[in-house]
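Have a look at these structures, which come just after this line.
First chain A sits with chain B, and in the next complex the same chain sits with chain C.
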Partner chain A sequence: MSDDDIKIEVNGVPMSARKGQMIIQVTDPAGVYIPRFCYHDKLSIAANCRMCLVEVEKAPKPLPACATPVTDGMKVFTKSAAAIAAQKATMEFLLINHPLDCPICDQGGECELQDLAMGFGRDVSRYNERKRVVADKDIGPLVSTDMTRCIHCTRCVRFTEEIAGLQELGTLGRGENMEIGTYIERSVDHELSGNVIDLCPVGALNSRPFRFRARSWEMMQQATVSPHDSVGSNLFAHTMHGKLLRVVPRPNEALNETWIADRDRFSYAGIYTDDRLETPVFRVDGEFRPTDWATALQRVATRLGETAKEGSLGVLAAPGATLEEHYLLQKLARDLGSNNIDHRLHAMDLGDDDNDPPFPWLGAAVAELESADAVLVVGSHIRHEVPVLAHRLRKAGLAGSQINFLNPAGFEYLFPVHEYAETPLSQLQPQLVALLGAVEAVTGRRSELAVDRGAISDAHRRIADSLMSGDKSHVVLGHLATRHPGYSKLRAIATEIARLVGATMGYIPESCNAAGAYMAGVVPHRAPGGKPVAEPGRNARQMLAEACDAYVLLGFEPQHDTAEGQAAIETLRGASFVVMLASWLDPTAIEYADVILPIGTFAETAGTYVNMQGDQQSFSGVAEPVGDARPGWKVLRVLGNQLELDGYEYNNAAEVLAAANADIGVMRPDNTIARSPAINGAQYSEAEMPRPSRIYGIDPLVRRARPLQRTRDAKRTADR
Partner chain B sequence: MSVSNKDTSQLSEHARQVIDHWVAKFPPDKKRSAVIEALRTVQHENNGYLTAELMDAVAEHLDLPTIQVYEVATFYSMFETRPVGRCHISVCTNIACHLRGSAEIVEHIEKRFGIKTGESTPDGKFYLKREEECLAACVNAPMMMIDHVYYENLTPETVDQILEGLK
Partner chain C sequence: MSWLDKKNLVAFATLGRDEPWTLANYRATGGYESWEKIIRGEISPEEIIDIVKASGLRGRGGAGFPTGLKWSFMPRNAPGQKYLVCNSDESEPGTCHDRDILRYNPHALIEGMAIAAYSMGATVAYNYIRGEFYAEPVPRFEAALREAYDAGLLGKRLRGSDIDFDLHMFVGAGAYICGEETGLLESLEGKPGKPRFKPPFPAHYGLYGRPTTVNNTYTLASVPTILRKGAEWFADLGPEKSGGTAIYSVSGHVEKPGNYELPMGIPFRELLEICGGVLGGKKLKAVIPGGSSVPVVPAEIIMDLNMDYDSLSEAGSALGTGAVVVMDETTCMVSMLERISRFYFAESCGQCTPCREGTGWLNRMILRIMDGRGQAEDLDMLVNVANKIEGHTICALGDAAAWPVQSFIKHYRHEFQYMIEHGGKSIVEAKGRAAA
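Up next, the complex of A and B:
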């Protein structure tokens, strides 16, 4: 027992505690409930609501459990007459000004104030005076405000200052005139700001898109996983009558903690839009006509069967499709004799794919970043690519980790950045090479990479020193590096840097399941489990540059979701048959698609995503598919049957997953490179560089989520 | 890190010097401590009130989020965030003064000028503050403060005399 360990007694029960802990931090893990409003374990202690008053032996007055440090031998009473009296008195004060509008408040039924009023409130009020009224604020399209309900716990204020890193909300005025707000009317813009909805213990801050849609007790809560980035944030979906009405975080300390990005929270709005595809359609005379599943599948099977015999088949899948869909899709492609399959739609450099890792991963667990000594992020607008991962980096930076960037100018980070080495993307390769030179100088070790090290600047030296400063350092390549036309070279150089300094080497995989796509073999050169194929097929670039005879496209819109954009559409027009599996009817599809089969969104299908630390996270369908849409894996299964192929006898997604995993076997993450590619001084022009991803433009679902499209971030990045 | 429009040109050279003088008294990461003095100076130079632009400029100069400056400006009764009359009349309405009849004093001034607390006279001469807490002159309650000068043991008559004298 160290000096810091002490004993206290709570309601007569002995408990061990550490010096410096507050009473509530000891009672919470022990399951002794103390009421509270302002205390939150992820925020600083404000101790301003006084709901947590407890009795402490020898203390003349009740003490706030959230702000009273424990001392050895302390005796705490949470339910004594004095404690209860103090809690009741606090409640009475809190209710003086709180409106009695629970029947029209969205928080009703899940309100901390309502719950505690049930436990500690009086049934009649002793106050006849008028209650105070506070004007509502317009803080943007995501969060609704009913400020009269605010009890001034300041959780929302502390969230913006401490978690988001940019204080956007504040306490204005004082005394009876105190209000929470922004002073000048403006929106609260941070990409995690929706979390204030969960933090607000009353109905003052609520979800604006969800406003008046349902009562909390009418909905069902089911676990699911975010489809938007490769952290795989855990979610709860709230549904009523089979419709997804709301998304909230499902705490998971290893991944998203208690937070989710606004993208994860509000994208569901894109599920129910006017352009949702409700039946299969086929193109006749320049327009899409609805048809039934049997006809549509028959037509697709016939054409694909023909192509298999005497033509080339190209298969492209979104990296955000489920592992089950990925697996069945590649199976279908390969059973039809084609290795032309890929999910790397944004990639511009797919040469050197022998050096691909078995599956791209972060190189470390998400939570590990928090205790890093140093991190180097290369080519990533990480706040927009993976907001929740950016939050981890922020925590690390605040705790003293040295966070370094090698990035284009202008990405803002709301935490101490050790070195932000600015470079135009076209110069990323020479910059990285110079950094390698700096690392060699610092470590005294030479890399075999044959390339002129170029001019080493102070910034490079500072980054090199930083990476050597401790034994927990990480190098991470973001989307701007993995989508770069010189990606394979960047990868080789970064891997060398990581090797020389003893850092982990990692990637930010695209979308939510790029790792799963690699595992399932949705690449032209490898079968499930990463086994090499005898004759690699054509990759995404090749398939989108020169037409195959027929295509199967799963879950993406070429003009937005591929590196080629409009040019991809031109190529697809040259095919004689294109079938899309999609959830929405994209008007430009008329230019190239012959048949579109409606599939469910992430909410309407069971499936599995593999995140950036290699975890397979399975979930079940939470909502009824819209119209005649069907889960993608079912559509692919039936297609397999129609084509009279073997091994498409699955009854549910779990069976597909089991089959996939049997095929995949054990895959170990490994980002090392077998042999370095030639790094010559390739010249790139700024015009051919990838654009930073639009935070609310990354996939078809997000693009259709109207609340997100109304945010400032969406408007600011609209031209990308 | 602030969200202001990155414009400090609103601050006079003198204001900057005063602010920097105060900043120097605090640890480098505690610039926030200088907000009150900064706002006092800036308000003084701007006819007794603060504008959003001025507060943004202070925030920018101190490298703070603008909201932290707004918080201070709206909390303290000595800061005004809109144009007000030239003479600031603050009648203490805290407990001792209240017991000694401050409500009557406030009412008297309101009647005399035809304005409510929180308002200024149309000619821009007088501003009757909305709220003033104990100014530590309770011994001679009720009291008021006009432009930093204390007037004590007030009655409606003495208030009239005092206000006459100011004209």
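Up next, the complex of A and C:
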């Protein structure tokens, strides 16, 4: 027992506590509930709501449990007459100016004020004066405001200041006239700002897209996983009558903590749109006509069967498809004799596949970044790529980690950045080589990479020093590096840097399941489990540059979701048969697609995503598929049956997963590259560089989520 | 002894001279002797704290906390910056002595701050002056500050010693709540003046998170005299446990309102006499003895009380800031309470629930009574609501809003009852008509 361990007594029950803890931090884990509004374990302590007043022996007045540090031998009474009287007094004050509009308030049924009023309020108010009315604010398309309901707990204010790092909300005025607002009317734009909806204990801040859609008790809550980025944020889906109406975070300290990005929260709005595909369609005379599944599948099976005999088949999958879909798709391709399969749709450099890491991942657990000594992020607008990971970096930065960037100019990070080395993307390779030079100078170790180290700047030296400053450092390549035309070289140089300084080497996998695609063998050079194939097929870039005879496209829209969208469409037009598995009818598909099979979105299928730390996270379908749409894995399974292939007898997604995992075997995340390629002084022009991803343009679902498209971030990045 | 003996003046010692605020005049009263002794290394920090403790000096800002004890809480030898902050945000209604110290004897404050800072290991101090003092006290203090710097009394490595002391002035923006010490620190840091929850106390986590002591203007301005004339002399001026003088800011229905620096513990009866008695020879009704937040004391009780911390506290009130509000028989206690409750309603910072919601409730209930719409049960409800604010808030503003309500209704319940029963008519009006 260290000196910091002390004993306190709560309601006569002895409890152990640590010095410096507040009373509520001891009682919460012990299951002794103390009512509260302003206290939140992820935010600073405000002690302003006064709901958690408790009696403490020898204290002349009731003390707030959230802000009173424990002392040895302290005796706390949370339910004594004095404590209850103080809590009831606070409740009365909170209610006098709170509107009695629970019947029309979206928070009704899940309202902290409502719940606590049941326990601590009176049934009749003694307040006979005029109630306060507060003008609502327009803070953007995501968060609705009913400011008369505000109880001034300031959780939202503290969130924007402490978690988002951009103080977009504050308190104005004083006393009874204090209001939460933006000062000058403007929207609240941070990519995590939707979390204020969950934080708000009353109905003042609510989900705008969800407004008046359902009462909380009418909905079912089911667990699911975010389909947008590779953290794999845990979500709860709220559904009614089989429709997904709302998404909220499912706390998971290892991944998303209690937060989710606005993208995860509001993308569901894209599920139910006018262009949602409800039946299979086929192209006749320049237009799509609906058909039934049997006809469509028969047609597809026939054409794919023919191609397998006497033509080339190209198979491309979105990195956001499920592991089950990935597995069945590659199985189908390979059973039809084709290794032309890939998920790396944005990649421009797939020239060194022999050295491709078997299972690219972050190189560390998400939560580990928080306690890093130093991090180097290369080529990533990380706030837009993976907002929740950016939050981890921010926490690390605020706690004293040295966070460094080698990035194009203009990405804003809301924490102290140790070194932001600006470089045009076309110069990323020489810059990284110079950094390698600086690292060699600092470590006194040489890299075998034979390339002129170029001009080493002070910024390079500072980053090199920083990476050497502690035991725990990480090098991470973002999407701008993995999509770079010199990616295989960047990868080799960064790996050398990491090796010399003893850092972990990592990648930010694309979308939610690029890691799963690697596991499942959705690459032309490796089968499931990373096993080599005898004859590697054509990679995405090759397939999209030169037409195959037939294509299967799963879950993406070529003009948005490939490196060179327009060129991809031209190539696809040259194929004799293209089948898409898609959830929406993309108008440009008329140019190249022969058949489109409607599949369910992430909400309408069971499946598994593998995140950036290699976790397989399975989920079940939470909503009914729209129209005749079917889960992708079912479509692929039936296609296998139609083609009279063996081993497509799965009854559910779990069986597919079991088969996939049996095939994959034991596979651990692994960023090893076999050997370094020759690093030449390739010259790139800015014009051929990848554009930073649009935060609300990364996949077909997000692009259709209207609330997200109305945000300032969407508008600002619309030209990318 | 004569209450009015000029030898007994502490903070107002320069009064009576031409331009009493100048350095020359301050020096003529023995000013800066103590500070210069300290610079010469003749007094140690420990000695200063012992002297101040022995003097019985208590905080003049209202709470009356023993000053020497407060200073001893500072981790004097801990590494890093420490601060002294002077609270010149004098805002308690009725109080105006700090204003006159800034106007007439600013050097006493400067010397007092230098001594205090030295005793606590603080090398930087701020004087937070209320915004409404912009016209006269602020420029007066600023000029004095310049004089002191020019005379080499402030700055770095003073007269070759290793003593550093820098003093800065800060002008507030006019919120009552910034007179609360942690609200003041927030305001000084550039944030809205919202008091902090304690603990941690400023002595551990104060200005910019550093150890800080906040003292009132008059408290600090008393320190040089204590060092010069001795702790015993100072302690002997007042009763046991509260030494020195008090500046009574007497306002309301008296013939000669004003600031009176008098030995602590003067009987109220004498004080009233010095002020020329009740205005127009009317009958005294009640007195608020320590600024608008302290409980009101009816005439028959106050006439037998001494004006010091303990006497008033025993009588259920407080010396507070020493602001004595005198009310004669024509005063309507309902209107008086309405005005006081309106003040606390307007000045609540709004962060904690009971004060934010309760102060407006109290004021509206009283207004309703004055409007003739009072109910018999309103009086109990007023006291009940006040009780629910008292002791439930982060800072003492909640208590300050509650005490007047509790005490006014305790002592003058019949006036409230009369108004409720007579459709908003005051008992005073009715009496006035009867007399006429």
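Of note:
Methods note: the second predicted complex is superposed on the first by the 720 of 720 C-alpha atoms of A that agree within 3 Å, B and C clash if a C-alpha of one lies under 4 Å from a C-alpha of the other, contacts with A are read in each partner's own complex, and residues count from 1 in each chain.
Everything below uses one rule, namely that a contact is a pair of C-beta atoms (placed from the backbone, for glycine too) under 8 Å apart; a residue touches a chain by one contact, two chains touch by 3 or more.
Owing to the predicted nature of the structure, the values given are computational and were not obtained by experimental measurement.
After alignment on the shared chain A, the placement of chain B and chain C results in a clash. In the superposition on chain A, A:Arg174 contacts both chain B and chain C.
In the overlay built on the shared chain, the residue A:Glu129 is in contact with chain C alone; chain B does not reach it. In the superposition on chain A, contact is made by A:Asn97 with chain C only, not with chain B. Which of chain B and chain C touches more residues of chain A: that partner is C.
When both complexes are overlaid on chain A, the residue A:Leu166 reaches chain B alone and has no touch with chain C. In the superposition on chain A, contact of A:Arg263 is made with neither chain B nor chain C.
Using the contact criterion defined above for the overlaid structures, shared-chain residue A:Thr182 touches chain B, although it does not reach chain C. Once the complexes are superposed on chain A, the part of chain B occupying the same space as chain C corresponds, among 7-15, 61-69, 133-141 or 151-159, to 133-141. In the superposition on chain A, chain A positions 171, 173-175 are in contact with chain B in one complex as well as with chain C in the other. Those residues of chain C that touch chain A in the complex are listed here as 175, 177, 192, 197, 199, 345-354, 356-361, 364-365, 368, 381, 388, 391-394.
Considering their complex, residues 1, 3, 52, 65-68, 70-71, 74-75, 131 of chain B touch chain A.
Within the complex, the chain A residues that touch chain B are 161, 165-175, 182-184, 414. For chain A in complex with chain C, the residues that touch the partner chain are 45-51, 53, 60-62, 64, 67, 69, 86, 89-90, 92-94, 96-97, 126-130, 151-152, 154, 171, 173-178.
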